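Following are the structures in question.
The same chain A turns up in both complexes below, where it pairs with chain B and then with chain C.
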Partner chain A sequence: MEEARNLKKKKKISAGQVISRIWIVVMLTAAIFPIYWMLNTSLKSQGEIYARIPTMIPQNITLEAYEYLLLETNFVSGLRNSLIISVFVSLFSILVAYPAAYSIARVRFKGRKFFSKVVLFTYLLPTSVLYIPLYMFVSSLKLSNNILGLMLIYPTFTLPYVAWILIPHIASIPLELEEAAKVDGCTRFGAMYRIVFPLALPGIVSTTIFAFAMCWGEYLYALVNISSREMQTFPLVLSALIYGDMPPWNELMAGAILACIPILIVYMISNSALVGGKMAGGVKQ
Partner chain B sequence: MERTDRKRRGIRAAENRFAWTLNIPLVLYLVCVLMFPMLWGIYISFTNKTIGGTAEFIGLRNYTRLLTDREYLNSIVNTLKFTFFAILFKALFGTMMALALNTEFKGRNLVRAILMVPWTLPNIVAVYNWKWIFNTNGGVANYLLRTLGLIESDLIWFGYAGLAMFTIILTNVWRGTPFFGMSVLAKLQTISSDYYEAAQIDGANIWHRFRYITFPEIRDVLLLTTLMSTIWTLNEFESVWLLTGGGPNGSTQVMNVFSYRTAMMQMMLGRGIAVAVIAIPFLMLIISYLVKRMLPDDGGER
Partner chain C sequence: MRKRKWMRTLAAAAAVLLSLSACSGSGQETEAAAGADTSAAAAAEDTTKAEEATESGEKKTLTIWVEKLFSDEVNAATEERVQQFAEETGIEVKCEIINSTDFVPRLNAAIEGGNAPDVTYTDTTRTMNYYPNIPYLDVSDLVDEIHEERGYFESMYTSTQIDGVHYYVPYCSSAVIMYVRKDVLEEHGITDMPQTWDEVVEVARQVTDPENDFYGLAMGCGDNDDDDDNTWRQWMWNEGAYMYNEDGTIAITDGNLWAQQLDMIGGLYEEGIYPPDCTTWDAGGNNTAYIQGRAAICINGPSLYVSLRDDEENKEIFENTAIVAAPVGTENGIYMNYPRGYGITKTSLYPEDAADLIRYLLDADWYNECFEITAPFLSPCFEDSVVSDVWDEEVNALIVDYARNASGYYGYPVNTLEGRAVASKHFFTYPACRMVNQVMTGTATGEEAVEEAVRDIEDIQDTVH
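This part shows the complex of A and B:
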């Protein structure tokens, strides 16, 4: 379809544009279809998902997968645990990383280069290098099988990320505003929190959101540190649904959909006018 | 800038004190929860520590055992294979995505937002999604391929080495491509359209425009993104663990799946950490290069 339409307008559109339109359609399909399939599966009954010919639109739309997941499993408690951890860790990260990022962006001090190196270094360090040492650390503090243990170790990956992303945000705020406030008798701390913080808020909000997202879906640290049902975060609850030859994929996909909702909401907030869609910079995968 | 000009000792000392105060919480946390466990872990890698057991110093035995362990060496080969293809396709598709998004068309912002979605999903959601799509019982991948006439009978995706490797690469590429796309797009948007107009007047075709204008501009950002993504892809765990568990027959067992099996299932913590410790020098090479490139010398205090 797309191709045919483009060919008709060939006089106005170059070959490069035709290729790029086709590529966009391919990419959109690749991005949307799996997500549609997730939604589609979550609305089917256990019998229909294993039909020999998969139905592109559910024959009987049913919410039984959601119902079972929410009422008969510990999914809700998993979501609650994940939420508590993610909110706490992302706020803690901002609280601790903002002053550090401010000092690196704004204060010319001995050790500045060193600190920015440490931040970038720890940001790039993959979590899997640390999971066994952190497992031993958490157990020696008697915090294994407790969400407090996860709250303690998740900042190892959120803090460096938040600090690293905030540095350019803070550096881009005009210095004059701060200088003017200081002339008016504002202290350095005052300028940092009352002048620069509100101005850097769009960046701070989007960074906090990504820190939240990093904790929200974290699997490896939760897997090695948590063993009981009450302490499970939602990724663990989901993976526990896989058993036997015929796992309840409709429930799993319902859980996946529900787990995406908070992320999609915060993502839309970060993409809104407030933040101006500053996405580059990345998150640990 | 003006501040450094009047180098008054008192001000500098105050500045240093102020900055260090701001960094104390971060430094304290990183020393206690990151540096200390890591050094402890490196020490443990020289012991025979097991889960619940005591640690006895055994020198380099964990390392020598690993380097002669065929399963370990095989996991390194798998990791490199997985990383090479995943990075290649992420960089290729991501660049193509950025180039396509850099043209003017209706609804571009919406398209960009939709193409970002795979990357914003929690990894575990993406992984289970693909696990279900490739499932032999009821999976839609087999159905679609059958309908298109590409296969005659259902494929057992997680039952054959090549197919299983394909699924873990595909899942990684699906989720990781937008990261490349957005990084490259940000750079593309800074290239002045004058260059392209001038090139068009000179009769440069699309390939020449890419080769001589676009590519030199995006080369740096592409390299940095590739290296960052390489670090994370080399250390991929959950997608492989949840999709194939390393199977069939260890054919998709990447480094971290091996380390997880060794440390958490066979309970040999010391040897599990040794796997990470062997990888650290290679990761450090990439990380130090990135640190050098991403922290331009801005003439600030050292």
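This part shows the complex of A and C:
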């Protein structure tokens, strides 16, 4: 009797599990399908792309689009430029935004709320409002048509973003841990970097990845500031492929696929740092 | 200590305010355009800068922005030609080939930043969108000189003149032709190609077969479908429906013609002669539908012809396609003119050299050869360019005929500067597509769509007057 009841219970649970797994598969398919479609399109010929009935699997797989992109355009140099800018700006943003976020989260000073709101408002300023003033600024420094100009511009949106995300993250770290460190002779600066920083690392890493991605795919600032082929970032190279009213979707999708790779690598490298629960048991409640 | 904190707070607040005030220039096309400084003081300052540069022995530098064309060969040839000019004159010339979607935001930023190139590719709508701060010099004398020397098509010369002034030197023109699936028409016993809009509609009705996902007419009306905005507009003109009068006043309500035409189009959509998804198309939607074999008739530029001709996978449709002149209406056969050319910016330090560069690009030998390579993408705009056999070929001849006879422009038949400015700014909202979309999707009747368009035009008029 007891066994039969347990079996019934097990069955009920497994039905729930089946539904949840189906749900996961549906959601995963929805999430992965656009990426699959990018890959699928990048391997098709223009004729097949414009076919009346879209093919789920390319009928004649061709690497023409990749070949064109890598050998006949400046896509590779565009990737290199984007990489240099994104690495520099994301690291610089963390370097500057972390102490700013720490100050706002931890230090009590007049105007703290004001600064906190300023960070948010600066983040909310739309790119379309800023691109001309920033172009003028960079031009006056003779840095237009140079990736250094973009390195100067991009922190205007990554810094407030990183700071805004880190403020609540740092605030969530128990103050008692810092106080304990101070009791043991640690300075505030020391506590900021030796106690809080490692504990905030998952947040810092994920924010850095987002900052990297923001710079990686940025288009408008690059468009107005960069004119020479040597200085172009990869979004500009891809955009230049579009002219007329019949875009070469296979080349564009090949570019998008190749452009995903560095983001994936960055994510995979930093994956080990994205571990939560470091503070668990750190404070006795 | 407390005072110091206050000082810091004040300094931070001031910094934020300053940064916000620096942001007050808008990135939007129109507003950015309004900031272009064209004052006499600025011009005088530029002259002084040029004199200083010459006195200090600095090498003259010109920058030219050319819009990327469909043909890589021509883009490369243009760059090469510009470099030849640089070698011959000793002037350093920077040539940038920029694709059309990137052109305007880059130009806006460059104008605002005081870094506008000396010469840019432009057209009337783009130029007038900057009104009242048109960033280009009056080049009427240069155009007249070239006209006297080579003889522009009359249509090109007159339609690029705004209130008696040329703001750019006409260089080329695009055209629109009609693609018809002759095999499908033959299946239905139709042997004569349609020549008027009424005939197009009649043929489309006969061949439409929604059950097999086949439609008579590939015309779209999505949010950004600039291609079809032109076609709808042309159809309206041909039936006597205009948006503006010659003096720039609103004509869209005159005789209720627009509303009637829109209701008629809404009815055709219900009948099923347009693909149901045409309300979401962009400019590539009609080409795609035609290439996919979903439509019998498509009105488009020559880019579709080249795609059909050059792609082996489109061979069957290409062989079954008849290419004929765009249809005319019951009132007239006005064709929309698409002239493009080169303007010299008011901030150019060396306008005379910039004019020489444009003359160099219009040198008959090079120019004519270049357009023969491009054919049929673009039509040249000189009588002496079309004497070659190349232009006798069927499609090429159609393109040239179109350019030679096209007389319409955005805002047609407006003659005033302000009226053309309103029409140009209004064009960038793709109003014809918007109205057609409203009637097709049933969100408005023809009359309601027109009323909304009137309000939009009045809003733009308020910003211009």
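The definition used in the following text is that the second predicted complex is superposed on the first by the 213 of 285 C-alpha atoms of A that agree within 3 Å, B and C clash if a C-alpha of one lies under 4 Å from a C-alpha of the other, contacts with A are read in each partner's own complex, and residues count from 1 in each chain.
In this text, a residue touches a chain if its C-beta (ideal position, glycine included) is under 8 Å from a C-beta of that chain, and two chains touch if they have at least 3 such contacts.
Everything quoted here is computed from the prediction, not taken from an experiment.
Once chain A of one complex is fitted onto chain A of the other, the partner contacts of A:46 are limited to chain C, with no touch recorded for chain B.
Shared-chain residue A:108: touches chain B; no touch with chain C.
Look at A:17: by the touch rule set out above, it reaches chain B but stays clear of chain C. With both complexes placed on chain A, chain A has more residues touched by B than by the other of chain B and chain C. Of the two partner chains placed by superposition, chain B and chain C are both touched by A:246.
When the two complexes are overlaid on their common chain A, residue A:57 makes contact with neither chain B nor chain C.
Using the contact criterion defined above for the overlaid structures, shared-chain residue A:71 touches neither chain B nor chain C, since it reaches no partner.
Shared-chain residue A:155: touches chain B; no touch with chain C. By the document's definition of touching, neither partner reaches A:183: not chain B, not chain C.
Applying the stated touch rule to the two superposed structures, the overlap between the chain B and chain C interfaces on chain A comprises residues 50-51, 109-111, 114-115, 118, 122, 125, 127-130, 132-133, 135-137, 220, 224, 239, 245-246. On chain A, the positions that touch chain C within their shared complex are 45-48, 50-52, 109-111, 114-115, 118, 122, 125, 127-133, 135-137, 139, 144, 220, 223-225, 227-228, 236, 239-240, 242-247.
Listed in rising order, the residues of chain A touching chain B in the complex are 14-17, 20-21, 23-24, 27-28, 30-32, 34-35, 37-38, 41, 49-51, 53-54, 95-97, 99-100, 102-103, 107-118, 120-122, 124-130, 132-137, 152-153, 155-156, 159-160, 163, 188, 192, 213, 216-217, 219-220, 224, 235, 238-239, 245-246, 249, 252-253, 256, 259-260, 263-264, 267, 271, 279-280, 282-285. The touching residues of chain B, when paired with chain A in their complex, are 3-4, 15-16, 18-20, 22-23, 25-26, 29-30, 33-34, 36-38, 40-41, 44, 93, 96-97, 99-101, 103, 105, 111, 113-118, 120-126, 128-130, 132-133, 135, 137-140, 143, 174-176, 179, 182-183, 186, 206, 225, 228-229, 231-238, 242, 256, 259-260, 263-264, 269, 272-273, 276, 279-280, 283, 287, 290-291, 294-295, 300-302. Contact residues on chain C toward chain A in their complex (touch as defined above): 5-6, 8-9, 12-13, 16, 19, 22-23, 25-28, 32, 35, 68-70, 96, 99-102, 105-106, 108-110, 112-115, 213, 227, 282-284, 287-288, 291-294, 300-301, 303-304, 307, 311-314.
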